[in-house]
Structures are given as structure tokens and as C-alpha cells.
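Take a look at the structure below.
Read from first to last, the chains carry the letters A, B, C and D; within each, the first residue is number 1.
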Amino acid sequence: MIVVDTGNHIAALAAKMAKPHVIAAYPITPQTTVVERLAQYVESGELNSEFIRVESEHSAMTACIGAAAVGARTFTATSSHGLLLMHEMLHWAALARLPIVMVNVNRAIGPGWNIWSDLNDSMAQRDTGWIQFYASSNQEIFDNVIQAYKIGEDERIRLPVMICYDGFILSHTSMPVEVPKQEEIDDFLNEYKSTWQLDINNPITHGNIVPPEPYLEIRYSMEKAMKEAKKVIEEVGEEFGRKFGREYRLVEEYRCDDADYVIVTMSALAAEAKIAVDRLRDKGNRIGLIKLRTYRPFPHEYLKYDKMIVIDRAFSPGLGGIIYSEMEMDGKEVYGFIAGLGGVDINYKDIEKMYEYAKKGKDGWYGIEVK
Amino acid sequence: MIEKTAISIPTEGAMGKTGTWRVFKPILNKEKCVRCWRCWVFCPDLAISRGDYPVIDYEYCKGCGICANECPTNAIKMEREEK
Amino acid sequence: MLKEIIFYGRGGQGAVTAANLLASAALKSGNRGVQAFPFFGAERRGAPVKAFARISNEEIFLRSQIKEPDIVVVLDTGIMDVIDVTAGLKKDGIILLNSYKKPVDFSFPYKVATVDATSIALKNDIRVGGIPVVNTPMVGALVRILNGVKLEALKEAIRERFGKIAEKNERAVEEAYNKVIL
Amino acid sequence: MAIKDLPTEEYILKGHAGCPGCPVTIALRIALKALGRKTILVIPASCSAVIQSLHPKTSFNVPTLNIAFEASAAAASGIASALKMLGKEDIIPVVWAGDGGSYDIGLQALSGALERGTNFIYVCYNNQMYSNTGIQRSGATPYGAWTTTTWSGKKEMEKNLAEIVMAHHIPYIATATIAYPEDLYKKMKKAREMKGPRYIEILCPCPPGWRFDMSKTVEMSRLAVQTGAWILYEIINGKIEFTADSKRLLEGKERKPLEEWLKMQGRFRHLKEEDIQKIKESIDKKWEFFKQMNLRQKL
């Protein structure tokens, strides 16, 4: 069935179809309609979940942790300052190896208040141990949320998963989305089974004081799971493709085969960049696109082209564009652009211009340093 | 498989034999004991159990002296433990 | 020459303060490099704790824990049931024990010194919350064993640190210095 | 009920990491006797996080979730909802938090969980300071008390969390302290048998923090009640009842002089006469408040 709806409503629909036992969420622009729609599902009886109307995002994440710790599948959604408030508990969820699934609607950080798209909120959570997906369309939002449960809950992984997408650009834009039948989703997802849980018949304690050496091992185990996740994400993406006709990998490669230059970016910008690639190709330029689907784990193995143009909608003050900074650059020509922060509109023509600048050996803050 | 996370298993003596922490040792004089069980209920270290009379577990008693202080008949005395 | 000392004690006995007092006394005695630091564990009254001290003629760049001490100071011999206090101790190392017993009563393959610091602490009324605090007498005894740290320097360090209760601690230090059995 | 009638079941194991003479362990021991094995403990950063002992061992014999300092009530909300969905509502989440985690940093999550009607018991064991980090002042530290962040004595009066909780109109609120184990047990038991949010605050005199001999923990707790500094009551659906020695004080028995309690504690050693007067006045006011509440409901 094809549904035309906003990214937020599609995220809510996907969450509903994954049948979480517990949802705990707090409204924040531009995520609010996710929470509203889920509340509606629960109150109308369409979704049999406990919906906890928490008093803050910190509590939203904590409630999900509590619920997951007794063996429940959970969901939450947030954005921007809400995500920043959760930061402490993001670490907690990941170190506790609880496969919570969360949607983050990317929005800039204040002050001053800015409600428009900017990926700095979620990219700043890169070290928390969450798997991060970035979507470029409402279809991907849906598909990523469903796959997130399967990936996070995989016994080789057991990490929480964040699905990110641009505020307003996707969250409030209606697009067609192919929605599978509930039975198909049920069949695709396994019944949730946690590997550890608080159980009166086996009264373990979770999270008491851990001495240095075992702590090191716990951290190492997270890293192993993240590395393993690369494999599992592609396995699950392939199975998803077999079932639903849309296959996914860590990245999406677009017209890269004979490319001299490859654009590297993610989220809505990556969709816009396809148009730029097509137009530039039409004019005889050999250019391709790598759309990062996951930011954590970081898919280094796909970023192997000689000349790459990285477009970041986020930056680390004192360092530069974040994806750009994480690239392995040995022997490669890599150009980094910072563009579209705080919702500055970037279209395919802007991306074409960035290509032209890169060809001249220029890069930097688009619209300020290069214009 | 339980992945590595901070899971801990209930264990007696998780901090070892805490009786070694003691400087003063409670000694019960049964003749004075009226079996009110105040020593039992107030022991933070679960080191006093209820038999016919209170039984002190010196392996775990940390020697705080609450039992002696709370005993209504002074049936428990704290004595310096030589080491 | 670098001297490395580990203090084994229990929360409340003042092992960390002992290390600090020693470092301060060592500096006053003319050593350029001194260092004192605790091993931060789950510190509770009564729970085993560990503190480290280093003394040298030169600036100390070591920031790691002491693995091969020259001297170990045991503030509470009850700890020896759970911790091997001789672990890593150098061949010619010394063990200083808080005990009423004599060194010959212990069968370590090391030099042993003893001092009944608990009695000294109780006698001088050095207690916190009912627990005799044996750190100052133990450092007093240690200074006797160590070359290069003066008793007067230790007393000065105690005066600087303790204010009103310095006097009884000074007495305890002096007593331990004189009573330690080598 | 006499002490001998308390159950002999224990849910804490010997050889834990609590300080000698620790009131929190006494309180938890008695509380768990009433709560029983179908309990999930939620513990924020606090002394109780340490008392459990070190990973991979624990001294607690009921399932226990440690959680961030400010977050315990929210974690309990999540647990309560999950237990409902999983058909395990016979199990109860019990938050076991200190005054730092309740009065201060955890207040928002606590208020939220109470307002949402979370089916849980929240226990604040109040030792009137941040004991675990080495004796710093909290919102529960009384006026005049020395701590390592109030060297010359706290300049402000403590707040009263139970009164803040009252504004949430929850089914059960009670205060307790370790010197009255039967009273504590009964209140825990009563709370266990009810539904919805339940709040119990237990005064826990801390020997290292309050500066007194570790053998006097229970005595200090008892004197707090007998001098009127700590009031034992329960409020069931808005109706207040005084209990144990506090009931006797309400009925006219004379309070012991407050000085008896203050002078036993090193943290109050520096108090001047006017400081003591000020504390006495605040205690009188507290009693007046509860007496009025008692009278109002009798009319």
C-alpha cells in the first residue's frame, strides 16, 4: 500500500508497526507530530503499547532504559535540544547494551532559537555508542526504523539505534511511501528477546561499580559490536531487499563507476546531490555520489575514491566539517564544504557550484568563505 | 551469550570477609540476653542471626557496636581485638 | 635515589593522609621530588584502601601506580587475609606492620618492622567516629625506618595540616618513632 | 508487632561494602523484608550504589538497576510500564535514592513520575547530605550543619520533600527512621499493598557525615524523633496519622531537649545559642504545620 504522508507521521507509523511495548517521549519542534501521532495510535487502541508522557527528554530515554531492562521493546523520538538533554542517557543505553530505537529529527542548536535542519545535534552524539542512520526520503525513514529493530536487537550487536532525518525538509514534507502489510513486518522482525534482563528469578544487579580492567573490556565489547554491525546492517539490508524490494547497504553508491570526482554526503542533501550529479554528468563531467546511510559505524571502506567532495551540514568548531574530518585522506584529494547550517536552503545548483569550486582546488564554508 | 555489560551476580562476601575490618569485637553474654532481637534487627551487616540466642557471625561483623549500644540489658560488650 | 612506598589500610584509618604527610615531611627534609596519591576505589569506612608515596632527590615524572615498592606499610594486618601486601615488594624491601607482635612473629621472606599503632592511637585519643586513626603513628614509625626524612619535619607537617589536634598526633608520632621494633 | 515478628528473610547478602554502622543498610534490610522478592530496585548514584559491592559481584539479592543520578523515578516509570505490558504487575519497581538524588538533582523526574501516577514506591533515604561523595550539603541539610561545602555551617533551612510530594496528592506518603523498625516495616508493607505512586522518606543518620560514633547510629535516629527534629507520620489518601513516638509527642508527651541530639553530632559542634534557637523555632513551625493538618481533617 502506498501512503502519502509527512516524514514524522511515517516514522510514527513505522514505530507502530514494530509494536514496541513501551513508548516514552516528550514533544519538541520539529519532532512533535511523531509523539502526537503515537499518542493517537495508543489511545485509539490501534497500538497496544504503554505510552509514557514523560516530563523531559532525559526521562524519555531513562524510561526506555528502564523498560528495556525488564525485557520490553521500546521507542522514542526527539530533536535538537531534546537530544542534547538525553546525552548522558544515550551513553547509558549503549553501555547497558539495550537496543532502544529512537528517531531524531535533525534541528539546529541554540542560542538563538533555530528550528531548521542542521545535523549537529545527532552528530555530536557520535561517541555514545549508538548506531546512527541518516535518511534522505520518507521511504527511507520507514525502512530504517523497521530495520533498526532487527539490527539493534541482533544478538551480535545489542546496541541502540538512532534514525535521523532533516527537520521540516523531511519531517513535515509529504511523500509517497510504500508500506508493507503488518504480517510482513511481523514476519521480518523477530519477537523481541533480550539477552539480559532484571528478573526476580535471577536477581542480577546491573551497573554497580566496575573496576578499571573489566570496564576496559566492556568498552572493547562495544567496539566489537560496532564493527560487527557493519556486517549485520548489510545482511539485514539485503534481507529487507529480498522481502520488500528495496535493498540497503552502509552507503548508497550513485554513478560512481568511472567517476573522477565523488560527492560524499548524507541526509536530505544526498537526495538533492543526485540531481546535481545527473546534471553534471549530462554536461560531460564524470562525477558520482556516495550517500552515507550510516554515520556510526562509519563506512570507511566505501570512501576509497581518489577525489572526493564532502558536504557537511554540521561542523566541529576548531576542526571543521565532521564527515570531512573523519575521512581517511592518505593519497587522496578531498575537498570539504560546510553548508546549509541552521536550515540555509541548499539546492542542486549549490552542489554543482561546490563541484566547480573543488575542481579549482577551493573548499570551505559555502556561502561565506567560498562564494 | 550475554554481551559485556555491567552485570553482577549476587554473592555472599562480595567485598570479602568483612569481619577483618573490625577493631572492636562484640561478645555476647547469654546470661544477660533477654532475646529481644534488637541486636539482630539493627545489624547493618547481617552478622547476627536468630538461634536460641543471637549468633554472631565474626566472619562478616564489621564491629560497629550498634548491637552493644542498643542492647537493653548490656548483654553485648565490645572488646578490643588484638591483631 | 627513588624510594617507593605503598600504604595498605582501611577507609577511615587515614592511609591517604599518611602518604601526604610523608611526602610533605620528605620535602621539608630536603628531597626535591615527592609525590603522594591514593588509589581511588569505592572508599568506605573499613573497606581496604591503598595509597602511594614517592620520595626522590629529583623531580618525579612517574604518574603510574607503584608496582614494585621499597616499603609497604600495613595499617591493619587484617587486610593481609585478602590482599598480598608483599606483591611486587623489592627483595631488600621492608614491611612495616601495625601490630602488637614482634617482627619475629611474622614469617615473611622480607625485613619486618612492627609498631602497635592502634594502642598508641587509642592512648592519645586519636579517633574518628569510634575508629582509631592510626595514620600518624604509622608515619612516625616509617620515618624511623626511612633514610632522609626527619622526625622534626614530620611534626612540622602535622602542625601545618592538623591545627588543634596536631599536638596529640605529634605525641603519637614521637611515641611510634621510639617504639617501632626493627 | 514486635521485633521478633519481623520476617527472617534477607535480601541483602553478608559481606557488602557499606560502612560499619551504616543506617542505609539497616533501612534497606528492613524495607526488603516488607517488600519481598517481587521487587526491582532502582538506585541512582548514591551510597547504595557502592554498598552493592564491586562488579562482577553484588550484595543485593533482588534485581537491581543502577541509573544516573537524576533519573531514578523515570527509570521506575519505564519499568512499571514494561511490567504492565509484559503481564508482570505483581512485581514492583522501588526507587531507593538518597536525599541528593531526591531533593535536588532527581526532583524533576520524581515529580513527573508522581504526577503520571506511576505504579511504584519511591524511597528517599535521607542522610541530610551527599554522603557518598564525602559530605557535601544538599537541599535536605539542616540549618547550621557543617559539611565540606558549608564549612561554617549551612546558612539556609532545609526544604521538606515530603511536603512537596504532598502537593502531588498521591495515595501514600510516610516518614520513618531506622530506630523504629516495626514502624518502618509496617509502612513499607502498607505501601507494598497499595497501587499508584507511594513515597516513603527514611531518616538515616550517617556516622561519618554527621560526625558521631558508629555505634550510635540507631540512638541518633531515635533521638531525632524524641526531640521532635524528625516526625513520624503517614498520609493515606490525604489523611495524616502520627505514629510511634511522634504520636506520643502529639498527644502531649514532652519532647526531649533538642540539645541532646545536636550535641552528639560533630557537624553541629560550632553552633551558637542563637543558631540552636533558630533550629528550635523551625522545628516548632514544622510541628504546628502538621498539627494543623491533623486538626483540619478531624473537623
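Before moving on, here are some points about what is shown:
What we mean here is this: a residue touches a chain if its C-beta (ideal position, glycine included) is under 8 Å from a C-beta of that chain, and two chains touch if they have at least 3 such contacts.
These numbers were taken from a predicted model, which means no experiment stands behind them.
In this structure, the chain pairs A-D and A-B differ in their number of contacting C-beta pairs, and the larger number is found at A-D.
In terms of Cα centroid distance from the overall Cα mean, chain D ranks first. Our note on geometry: chain A versus chain D, Cα centroid distance of 43 Å, whole angstroms. Separating the CA-averaged centres of chain A and chain B is a span of 54 Å. With centres set at the average Cα position, the gap from chain A to chain C is 55 Å.
A separation of 23 Å divides the Cα centre of chain B from that of chain D. Along chain C, residues 42, 46-47, 130-131 each make contact with two or more other chains. Multi-chain contact residues of chain D (touching two or more other chains) are listed as 17-18, 20-21, 50, 52-56, 58, 60-61, 66, 213-215. Shown for chain B are the residues in touch with two or more other chains, namely 6-10, 15-18, 21-22, 62, 64-65. The touching residues of chain B, counted against chain C in their complex, run 15-18, 20-24, 62, 64-65, 80, 82-83. Residue ranges on chain A touching chain D, taken from their complex, read 21-22, 24, 48-50, 52-56, 58-60, 62-72, 74, 88-89, 92, 198-200, 202-211, 214. Taken together, the chain D residues at the contact with chain B in this complex read 3-4, 6, 8, 10, 12-18, 20-23, 25-26, 29-30, 52-61, 66, 178, 181, 213-219. Taken in their complex, chain D has these residues touching chain C: 17-21, 50, 54, 207-208, 211-215. Put simply, chain A touches chain B in their complex at residues 95-97, 155, 158, 195-196, 203-208, 210, 217-218, 220-222, 225.
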